[in-house]
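Presented below is the structure to which this report refers.
Should a chain be cited, it is by its letter among A, B, C and D, assigned in written order, with residues numbered from 1 in that chain.
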Amino acid sequence: MDNIRVVYYEEPDFESPILVEGLPGVGNVGKLAAEHLVEQIKAVKFADIYSKFFPPQVLLDDEGVIRLVSNSLYYSKGEGKRPDIIFLTGDYQGLTPEGQYELSDFVLNLAKEWKVNLIFTLGGYGIGKMIEKPRVLGAATDSQLVEEMKGKGVVFSKGEPGSGIVGASGLLLGMGKIEGVKAVCLMGETSGYFVDPKSARRVLTALCAALDVKIEFSALEDKAAQIDKITSRFKDIEKDLSDSKADDLRYIG
Amino acid sequence: MDNIRVVYYEEPDFESPILVEGLPGVGNVGKLAAEHLVEQIKAVKFADIYSKFFPPQVLLDDEGVIRLVSNSLYYSKGEGKRPDIIFLTGDYQGLTPEGQYELSDFVLNLAKEWKVNLIFTLGGYGIGKMIEKPRVLGAATDSQLVEEMKGKGVVFSKGEPGSGIVGASGLLLGMGKIEGVKAVCLMGETSGYFVDPKSARRVLTALCAALDVKIEFSALEDKAAQIDKITSRFKDIEKDLSDSKADDLRYIG
Amino acid sequence: MDNIRVVYYEEPDFESPILVEGLPGVGNVGKLAAEHLVEQIKAVKFADIYSKFFPPQVLLDDEGVIRLVSNSLYYSKGEGKRPDIIFLTGDYQGLTPEGQYELSDFVLNLAKEWKVNLIFTLGGYGIGKMIEKPRVLGAATDSQLVEEMKGKGVVFSKGEPGSGIVGASGLLLGMGKIEGVKAVCLMGETSGYFVDPKSARRVLTALCAALDVKIEFSALEDKAAQIDKITSRFKDIEKDLSDSKADDLRYIG
Amino acid sequence: MDNIRVVYYEEPDFESPILVEGLPGVGNVGKLAAEHLVEQIKAVKFADIYSKFFPPQVLLDDEGVIRLVSNSLYYSKGEGKRPDIIFLTGDYQGLTPEGQYELSDFVLNLAKEWKVNLIFTLGGYGIGKMIEKPRVLGAATDSQLVEEMKGKGVVFSKGEPGSGIVGASGLLLGMGKIEGVKAVCLMGETSGYFVDPKSARRVLTALCAALDVKIEFSALEDKAAQIDKITSRFKDIEKDLSDSKADDLRYIG
């Protein structure tokens, strides 16, 4: 069997499109951001990507009908200043390093066929603690792109992330650079302990500024409020314990 | 060497056959069910499948004669309303995700050659606790099949199994759907702690209703009684402990 | 690069040769036995097998000169009743299941080219406790071979080894059977805690009976005596502790 | 995609060049040594090697511009007695044994194209304790090279390293020997707990003697001093604890 297989439902033409990648990762920030934008601009699914580098698994819908785990491609034709946008999102990244290289190489080849102008990869930057106002950190394939993104509120901070960027969000930049495809990675700060719609919202704000897109954020803000509710309980417990004189209970925290 | 190799002992012709998969998995439910049906309807082995995706291992019979671990194909020609049935059962599933994809793809290609009409995959659904009357949960490649299976006592329950279906029982559905092959998965509820002939019996009851097959269940019921005997000892110990005033012994439970 | 590469130093002709495999494994029984026989009948190395399925490692001789880890092939031309014998021994077995299949398939193809008459694979059967008189258990590709081996003091015991035979010693039988090559596995009982020359000696006794070979065992017996010395210390300590009244020291045992 | 891909910035001609490998490993000794020499003799990067056997990762420079993880090739044309030198250094070794074999085979094929005269591989030899005056141990593809290296202060010590040499530093020797390429491995003793510029300096001293190169070591000595400062704190704490009468605190050490 082929390592990777695409099933097309439509083969649209693109004009200097932008590719936006948002796959699962730290805090699920990239996936949340990409899926929210897909919904808001009513992007249309045109292909599914299957691969033996994904887990051998099917997922069920509410009726009991299955589908094989996949990545999916959506598109939205440009309007006014907004360019054509292609989205890559999905259930999983490749399970092995070699699988991740193969999958990113595959997407990059599609991007070159479509004459993609610029790739945005979206992700989370795990900092190991709760954060009130997550910054959006950036990385890019060249210094001119770095300057452009600074103008959209993206932070470029020496030594952050110190360990570089792993997975599809990194590889599409790294392999893109070798192939002459420009690319930017936008990383929302996140604790890494929960899915983080708040961080996704910040990433999306930066992306929308870069793409000249105007969207509603209420759905994402609702999710963020729900998560805040859950995480605030953890904070309360933590606070109670540290206020408490019941020192012998401390070990719970 | 080839990744997968089939040795045929016979190459039977089939008329719109049904393929039934029952490989090792949670509670060994699928394998127990498939093997019981093979025995009951005196299905005949016509091929062995060997693969480097299986463990590098041979098994011994009672005389000391070995055989390489394998999956095996059996068939039974239809009688009356009962269609031709092909069985896939065996010692192991593929050891790696990639191996599982390769093996399921291989079987699916055979199924397409044989013009298989419908695939049933059999498995267990681990719920982490002992259960008196296991339900048979279902999943299918389309909603019409879902409706048909509801008529055979199969339960389709929103959000169950929440994590989808992994291994051959999932992949044959997922990859079958892409290839236009209809397929149903029948999952017997099981603790997941023991091999579970009782759950296998329930799965088989649903399958036999769907296939218009009438069989004896006594062998399976005997095995279930044996397992019940073993597991009831565990329950007794548990009960004794919870009744006991020897609270300081509780940690054993 | 090729997955497996052979470097030949000589390409001898064989007349219905016997292939004897003794690679590292439980108690190193197979490797010890094969290497002792190689030495005793002055078998000559005629090829080295290198593979990316082995560890990425070189070994040093006493002068500091390296060699890449490998498997090696030796031969000894027949004399009198003794047939031509080819030996396969070496530093490692394949690291992954797939690598083990590839390597055994490779050796089996050579065996077929050489028109090998019979394969003996040598190994240990770990029983998890010290044993005074290790039996030699057997397994074979057909029941006639089983009968023949019974005549050489090899024990065929229902349900032993219960988990079958893994690695090259199993695969050469399993894959050989499919290819029509006869093969026997001889397994010396061993604790599995130490290298076990005593078990290797027993395996070799059975093998020599089957091959009509007469050899000295003193070198192997010396090694066995050394190991006995070490392991007897463990037994002494164990005994002291169980005799001792210092019950509070018992946990050491 | 290709498993390994080279991007050339220049394709220099070489005259019987020496290849020096210094990739990450124990104490990072090899990489530190190779990179220091690259800097000192102003070697020029002429190619980057990318591979799906490396981690799926990009690294960031201080401005936020990324590059895909890689190995790199540098060269320095000979002067006087000093021969042409090619350097192989980089971010990672292959992640899997198979990947390591593939990568070393790839480099060895380049070495043969360039008609490399001799390969030096640099590494650390972890001894599990701090050491004041690390020796430089050697290994080579033939005994004549062993003798030559003894004249450069390299120690060849029977049974050291007992477990052989793993990774690129071993494979380039082992595979080189099979291909008829001469090679030497220089291993600096190191605790294995810290990066070890002191050990790298000793390795480099031996290498420079062999290559007729004269360089400054101050940068490496500065790094060594920094590391000494950190590790001496550990030693102080250890000493305090062993001097202290606070025996109940000992367990900290």
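Please note the rule applied: a residue touches a chain if its C-beta (ideal position, glycine included) is under 8 Å from a C-beta of that chain, and two chains touch if they have at least 3 such contacts.
On a predicted model such as this, the values are computed, not experimentally measured, just so you know.
Undergrad: Could you name all chains that are in contact with subunit B and with subunit C at the same time?
TA: Both-contact set = empty.
Undergrad: If you list every residue number at the subunit A and subunit D contact, are more than half found on both copies (same) or fewer than half (different)?
TA: The interface is built from different residue numbers on each side, given that under half of them are used by both copies.
Undergrad: Rounded to the nearest whole Å, what is the centre-to-centre distance of subunit A and subunit C, using the mean of the C-alpha atoms as each centre?
TA: Subunit A and subunit C have C-alpha centres separated by 53 Å.
Undergrad: Just how far, in Å, is the C-alpha centre of subunit B from the one of subunit A?
TA: Computed value for the inter-centroid distance: 38 Å.
Undergrad: Which residues of subunit B are in contact with two or more other chains?
TA: If we look for residues of subunit B contacting two or more partner chains, we find none.
Undergrad: Touch graph across the chains, line, ring, star, complete or other?
TA: Its topology is that of a ring.
Undergrad: What are all the chain pairs that meet the touch criterion?
TA: Inter-chain contacts occur between A-B, A-D, B-C, C-D.
Undergrad: Considering only the defined contacts, which subunit D positions touch subunit A in the complex?
TA: 1, 5, 7, 50, 52-60, 62-69, 95
Undergrad: Which positions of subunit A touch subunit D when the two form their complex?
TA: Residue positions touching the partner: 94, 97-98, 100-102, 104-105, 138-143, 146, 156-159, 161, 163-168, 170-171, 173-175, 177-178, 185.
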